[in-house]
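Each of the next two complexes has chain A plus one other chain: chain B in the first, chain C in the second.
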Partner chain A sequence: MNIQLDREILLTVLGRSQGVVDKRQPMAILTNVLLTAVTGELKIIATDLEVSLEQACPAKVKDAGQVAVSARKLFEIVRESSSDKITLKALDNKGLEVSYGRSDFKLLGIDPADHPGMPDSTAGAKNTEIISLPVAELSEMIRKTVFAVSTDDTRSNLAGVYLDKTDKGNGVRMVATDGHRLAVIERKLSSGAIGGGVILPRKGVSELAKLLVDQDGDVTITLTGSEAIATVGDCTISMRLVEGTFPDYKQVVPKDSPKVVTAERDELLQSLRRVSILSSERARGVKFTIKSGLVTVSANNPDIGEASEELVADYSGDDLEIGFNARYVIDVLGVLPEHARVELCLNDQMSPGVVRGDDRDYRYVVMPMRI
Partner chain B sequence: METGPAENLETLWNQALNLLQAQLSKQDFDTWIQPLEPLATSGKTLEFRVPNHMFATWVADHFLDKLTHTIGDVAGFSPELRFICDPADPQGKLFIETAEPAATKRKVSSSRSPGRLIDGYEFENFVVGPNNQFARAAAMAIAKQPGTLYNPLFMYGGVGLGKTHLANAVGHAIVEHDPAARVMFASSDGFTNQLVEAISKNKAQEFKNRVRRLDVLIVDDVQFLSGRERTQEEFFHIFNVLYEQGRQIILTSDKAPVELDGIEQRLCNRFGWGLVADIQAPDTETRRAILERKAADEGIALPARVAELIATRIDSNIRDLEGALTRISAFASINHTEINVEMAEKLLLAVAPDAKSELGFDDIEQGVTQHFGLKPEELKARRRTKKVAEARQVAMFLMRRHMGASFPAIGQFMGGRDHSTVVHAYQAVEKRCRADQRYKHMVDTVAKAIGCG
Partner chain C sequence: MILHADMDAFYASVEQRDDPSLRGRPVAVGFGGKRGVVAAASYEARKFGVRSAMPSSTAKRLCSEIVFKRCRMPVYAEISAHVREIFYRYTPLIEPLSLDEAYLDVTGSLRLFGSAAAIAERIRREIYDELNLPCSVGGGAGKLVAKIASKKAKPDGLLIVQSEGTLAFLRPLRVSEIWGVGRVTEEKLLSMGIVTIGALADRRSDEIERELGSWGPLLQGLARGEDLRRVEGDRSRKSYGEENTFNDDVSEREVIEGMVIAHAETVARRLRANATCGRTVTLKYRPSTRNDSFRLVTRSRTLPVPTDDGPTVSKTAMALWDAEVDPPPIRLVGVQISGLDRDKPLQLSLFGESDDSGESGRGGEDRDRRRALNAALDDIVERFGSSAIKRGRSE
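The block that comes next holds the complex of A and B.
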């Protein structure tokens, strides 16, 4: 292999690979990227066997060939370069020579044949579904749900976002929950239709979101029953679906919440950020004291002190006191549009509340906490 | 989308409370029902927060039917109630997690067999004797209130004395009471192997998480953790997590915690935090009971005299005892004869040479006096110098332990001493053996010299 390519493009591609390769080094091979030079382009594959990413970038290819080298080191070498062009040359010992300007690096490599490459997704797939939707919409869906995904590794069925069909029309619904809060968003599909629900792993979805940055057009997602393969531009990301049953999320979304508080999103967000400074570190409990036209947000931590802040809100029902984990509310306000109003739809102290903006296809359910 | 029943939970519970108040005594209601705090509901399952585990057990044992009926009447469906003690988390839950997620479930079940309880080791078929009474009582208490009474339970004793049996019996009893209880039984080797396998497959975290979610962890033969530093390290953390959460830990070993070699001090300390119970070799009566029990279980016609013979002849451990019985019954069934003393006598010769039966008071007297450099009459006399008193105690101990002689008979032989003196001597030696390694070694040496070590 002997190729020359553009630094910027290579850096972007290698940067995306960083999140995919296995950093825990159980199998050293998976900390490597597989580089394959073919006519006119370099293919770069990174995988941890759960999530695999294949990207292509244009290259001047003198000799085709294949090497596998440390993803991290190659990325750092390219990142520190000040020249526009990078030359990659395979060495006899399976290594890779990287050169630019007056710098020269010789990276040790491993036998490319040992690298697993991309999974053979078509093998054994029976009921393949193919859907597509605009990049911007998928990106928004992920952004507005992925933060609610459980980080508890013992609950594998919550460790991802759930893709489901919508009740009506040709849409897709994305749901994420950690058992305390749940985010659900619906968007229309450009083409195709989704059958039953599947759980996409958190890592795969997060890496997919990175690919969507600065892209236009549609993303195509192929569901094979065991894997989801998303293609956008020159990138293909494949992720193994999470096995398990996603909880019955429809049941936990309250249909009717009579007490609706409307407030400015920015004000509420800032208030919560301030007041929660004095909430307990673990539970982050913040009390909402809701009266006609006025919401008082307060926190009380016997070890540190107390804080409270009043904000004007539209509300005309009975007085209500309810506690929430401030982080859960801050999280959702963070993804709702700025300079807009948000609704806090409540029932009573013990029942889940719903947070939403103007977009009625996005809802966030959060369970109160005892204060 | 459907309405979440969570919205009505408070109303529902308040209605149920009113009905329950009318049905129950004020004390029951105030003590057990009022403190229940409805947490969440999903489908027909209702979850309540209770102050502690004992509370949960009590309510489930005494009020479950009443609660189910009353809530059922109010709700219009028959609910499934769950009690959880989790005072630390004020955060409400959106839904109750139904058992294990499918993916993990599958993994667990495949790798679960090494962690499964051994069938057939139950309390019902455990023969009680003075040698294991204490350990059994502790085990049974724990089975009733796991995690709250003695944690950990550390049982130790020689090979084949029933440690594994008791440990499994606790597990079985807990599972029987609460089929959802997560119980893991692992030998130290099994535990180490699972851990090593998990580490090599980079699933150490998964393994740890699985172990940390257990309600009961039973590790058999912890002495085999000796020298395995990494395993001990992991085990230390797992121990702490389980201990803090009030999950029951049961350990068995061939030595007391203080005597364990090659095991980190901090672990040994922890082993002794709860209850340390020893299991001794069974006495003749218990051995006989074990044989008769086993014979009855397996439908073997075992004449009393043969049982007596085997019990006296084989005093090492229960495995050997049962082995001898199996041998004799197999021989009888192959030859289509009934079990009788002559036949047993012949067969036993091969397993347990007759030496033991000839062991008498005189042999022990001789061995002990020889060891201590005393004259036989000194042993039986009244003099109470330190050396003589010690020798006397050892002699009485050995007569009881290795001849299975009765306390009064020993007293009689030892110069007409009262049987309570013998009992005291026996217990004193036993206690000192446990506390003092060198002393124990001395006693063992004397026993060996006599031919009963």
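The block that comes next holds the complex of A and C.
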């Protein structure tokens, strides 16, 4: 292999690979990227066996070939370069020589045949479904749900976003929950239809979101029953689906919330950020005291002190006191549009509340805290 | 004023009580087979040098006429609960150390019952009248003195050390009498020329600290009669645990799971009895490998929500076991729950508290059913004893 490529493009591609390679080192090969030079381009594959990413970038290829070297080190070498062009040359000992300007690096490599490469997506695939939707929409769906994914590894069935069909029409629904709050968003598909639901792993979805930045057009997602393979531009990301049953999320979305408080999103977000400074470290509890036309947000920590703040809101029902983890409310306000109004749809102290903006296809359910 | 009450040769005494033919004879409770261990020895057996934790084969060699009785844990536990009831007649501040011994803080009870000696004598009498078992009681200004005094009082005796006599009582004793001073510490102290508690008390504290580290000042304080450790009643405990030693090496998952389920149920029941929940489940086991036999392995996992539910605890503990790479055969297995939370969980859940499976969408309903089931179990155990009903496994 002997190729020359553009530093900027190579850096972007290697940057995306960083999130995918395995940082722990049970298998050294998984900390490597597999570089394959073919006519006119360099293919770069990174995998941790759960999530695999293949990208291509244009290259001036003198000799084709293949090497596997440390993803981290190659990335750092390219990042620190001040030249526009980078030359990569395979060495006899399976290593890689990286050179630019007056710098020269020789990286040790591993036999490329030992690298697992991309999973064989055709193997065992029976009911393959192919869907596509605009990049911007998928990006938004991920951004508005992924923060609610559980980080608790004892609940593996919650460790991803759930992709489901919509009740009617050719839409797709994305759901994420950690058992305390749940985000659900629906969008129309450009083509295809989704059958049963699948759980996409958190890591795969986060890496997919990074690929969508600065891209146009549609994303194509192929579901094979065990893998989800997304293709956008020159990138293909494949992720193993999470096994397990996603909880019946439809049951917990309240059908009817009699008490609706409408407030300015920016004001509410800032109030919560301020008041929650004095909520307890772990539970982050804040109390909403809701009266006609007025919401008081307060926090009380016996070890530190207390805080309260009043804000004007549209509300005309019975008085209500309800507690929430401030973090959960701040999270959703953070992804709702700025300079707009939000609705807090409540029932009573013990029942789930719904937070939503103008977009009725995005809802966020949050369980209260006992106060 | 603190009392230390200690049942005399507890398991063995129960066996002798229930089988008159054993009275006056050397008795060991435990498994008499190969690799068995003596769990308790009667005073008659102790005369031959038989001690608890000794291999059964050694016990038989020391005393050929020794009678082995199998352990009847449920019986001992029931008697222990009765003994605790008796303690509660005199003070609410009780810190059980095991089934057969406990600290009692009777400071607040002195005005009601007269003196510590009077309380101790009444406790001993009531245990004897109601259970026909001997108990020795020691008393003193602190835990250390009380514990040493009960040991001196044995068998079937009573010794109260008045506060003003604390130092006179402690000073002539060997340092090894202090709880926690094992062979290693004792050797270190001996090498410094310290044999008695009095000598330890008199030594300059920086010298002690240099030799023993941060433990030094604490130990010296004890030697000087400064024993401020409080009797920690059930209310201030940090964890609940249950464990057992197998008679033989065990590697079958099913056997281990059976014990883990039993332990988890017991621990969960105690949590419920104390109206508390725990977040952290710890599985502990001791590999049977001979040269490794003192290594206790512990594995912990913290749950998203505190629990008092047996199956949740046992499932978590078994998940920890299953996560072990190449688990060895084991001799001991235990389940512990810590991270106790007296308050009910503040954050309410969408799908129910311990819905790991995610398979029931009716989490709330599921949780309520589980609560009702646990309450029913607790009722049955309360009325008929812990062997009346057991959790099984369904495939």
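Following the convention adopted for this analysis, the second predicted complex is superposed on the first by the 371 of 371 C-alpha atoms of A that agree within 3 Å, B and C clash if a C-alpha of one lies under 4 Å from a C-alpha of the other, contacts with A are read in each partner's own complex, and residues count from 1 in each chain.
Here is the rule we go by: a contact is a pair of C-beta atoms (placed from the backbone, for glycine too) under 8 Å apart; a residue touches a chain by one contact, two chains touch by 3 or more.
If you're wondering where the values come from, they're calculated on a predicted model, not measured in any experiment.
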Just from the overlay, do chain B and chain C fit on chain A, or is there a clash?
-> clash
Looking at the overlay, does A:217 come into contact with chain B only (first), chain C only (second), both, or neither?
-> neither
Contact breadth on chain A, by residue count: chain C or chain B | B
Would you check which partner chain A:348 touches, where first means chain B only, second means chain C only, and both and neither mean what they say?
-> first
Does chain B (first) or chain C (second) touch A:177, or do both, or does neither?
-> both
Could you tell me if A:196 is touching chain B, chain C, both of them or neither one (first, second, both, neither)?
-> neither
Could you tell me if A:58 is touching chain B, chain C, both of them or neither one (first, second, both, neither)?
-> neither
Considering only touches as defined above, state whether A:325 meets chain B (first), chain C (second), both or neither.
-> both
Could you tell me if A:157 is touching chain B, chain C, both of them or neither one (first, second, both, neither)?
-> both
Give one of first, second, both or neither to describe whether A:252 is in contact with chain B, with chain C, with both, or with none.
-> both
So which chain B segment collides with chain C once the two are superposed: 9-17, 45-53, 297-305 or 333-341?
-> 45-53
Could you list which residues of chain A make contact with chain B in one structure and with chain C in the other?
-> 154-155, 157-158, 177, 179-182, 244-245, 247-248, 250-252, 283, 285, 323, 325, 350, 352, 365, 367-370
Contact footprint of chain C on chain A as seen in their complex | 150, 152, 154-155, 157-158, 177, 179-182, 244-248, 250-252, 283, 285, 323, 325, 350, 352, 365, 367-370
Within the complex, chain A is touched by chain C residues 301, 303-304, 316, 319, 344-351, 355-359, 361-363
Quick one: which bits of chain A touch chain B in the complex? Just the residue numbers, please.
-> 24, 26-27, 153-158, 167, 177, 179-182, 242-245, 247-248, 250-256, 283, 285, 323, 325, 347-352, 365, 367-371
Provide the residue numbers of chain B that touch chain A in the complex, in ascending order.
-> 1-7, 9-10, 38, 40, 42-43, 89-95, 97, 101-104, 106, 201-202, 205-206, 209-210, 213
